[in-house]
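Notes to accompany the following structure.
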């Protein structure tokens, strides 16, 4: 199973190029899942925390093709991370580092193989996709990877007290894991203090609250409305805990 | 065949979670179709009329995972509807009731099974998805459902004289079935009276008209333009027939 | 393999209708790829140049269901193009003509078969989709097509010095093939002259440049920003070469 996690935009021209490559490299019938193509553009840090929160839905053996790669064509390394039975293929710019830091067991490799010819600007298609396909197919040839002691860019395992994603309802996801936050705590954001509610149906209509979302993160929401719009929140805004 | 019909947003993080659950429950190769993830947010009424119009494209045996569920975590029941050889799994908030009311033959069940642990806020993933998967796989164990005389919330079979969907061209779908509207009738909306045209190619360029769209609904359009923008129309706006 | 290339919108109600038809006509397991559903609305000319740039990612034998069809229901012919081992099914409004003109070997047919009943407004679903499915399945019956000497509407093989697509990052794709443009050339657009950069990582932060994108087109970009927004560019804007 290959799982795609990118900022390529779900409706744009890039995902199809990646899938065309995968289709030619994996055994027919290998499932390819679109996890998210709407990671905030160029934002490896938000992406790192989202990936850590979203990966548990997928079973052991999953290969995550993870590409938020504003430095493509520059000096950053292409890498493979193996963490708790799942593989992650992507740039060494921090994107994979929160998963790595939270894993019970992790190993990392630099990808030393290079495609011929190689595009300057789209390693998602011509470098990362073939490597992910080979790993998923169990056909990765020796010598294409070189083990390294760890990732070069590391954001660490800590929660991130920032807005990391805004969904299409206008719900605001933070990098705080709800398991680390007491239900009696207030979330301070945009000059307001928000109390906890278990579900939308129990929150007062039209006013903001926080709750534990389905992937375990602290999320800010407004019942029947857009929290992001009402509170003017954006990716990267700081979150306080009181 | 499983068919997804939700307000989860096609490009957001929720569809992948649902598909990850399905992938682990259905036989490999079971097709999963994205019918629509852009049902107007929280709008079970618009969704009910859209679902009734869109379901005929799918063959008997299809299982519709149908989730517009603003009351998740509250008292509304999770239900299964069987209508004319197709199954529908979702909340009992009216969403399935137009399909039910228009069916020649319909049966309904309450879902009494509960997942362990159950999320408070995302039954799409942990409650409705497994039930849909089991129905599609023919492996639904006895005792997980309890037959009921009918749905609790019923919007009835009548057409809905309102805007129920606006597509990405800006075409405006109404809840009126074209089979019930004479070609000589005028549609009154936003202070204008619109005449019928058979196709875009026969409508005067730049002016609004109504026609029977590909799923049998009365649709308001502007050739080469956005009817929604030109006429300032929004979900829920009333439609008149003259 | 069937490849979808349309202006239907990836998140709208039309792609699912097409896929429902395909699913009932092709052998189970036939891959269906979403190449792009975000071709600029109604714009066969932009579509023609995009299709020519994007089709090389797909292998011989691919069948492109290509529908940008504002004249549906009018006099334009439905056609099939065979070009260099790939098939293209769509309207004869120029959309397929750039691929045809650039092919080493091309043949064209008019589709004379008509579905019963036929919708007036959505040949994507009821006319083009079955024909594409039959070609992909190798089951197209004799007499459904009639060979013609060529397409009626032809945009020719020349590059198009215009904006043909804007991606979700705000990068601006032109109809100029980079292989025809010297790296020392400047791109003139919106009153500015832009120099070449190999990759984003080598461009000055915050200022616009042009580069060869992953499908071989001249693309205008801003590192870490939206070129379309910064320069106020839109589909159809003219591009100069200095």
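Each chain gets a letter, A, B and C, in the order it is written, and its residues are counted from 1.
The rule we apply is simple: a residue touches a chain if its C-beta (ideal position, glycine included) is under 8 Å from a C-beta of that chain, and two chains touch if they have at least 3 such contacts.
Predicted model, so just to flag it, every value in this text is computed and none were measured.
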Comparing which residue numbers chain A and chain B contribute to their contact, where sharing over half means same and under half means different, the two sides are different
Expressed as a multiple of 5 degrees between 0 and 180, the CA superposition of chain B onto chain C rotates by 120
The distance between the C-alpha centres of chain A and chain B, rounded to whole Å, is 30
Within chain A, the set of residues that touch 2 or more other chains is 9-11, 29
In their shared complex, chain C is touched by residues of chain B numbered 1, 9-11, 29, 31, 33-38, 50, 54, 57-59, 165, 167-169, 198-202, 211-215, 223-224
Touching chain A in the complex, chain B uses residues 9-17, 19-21, 23-24, 28-29, 41-42, 70-74, 119-122, 125-126
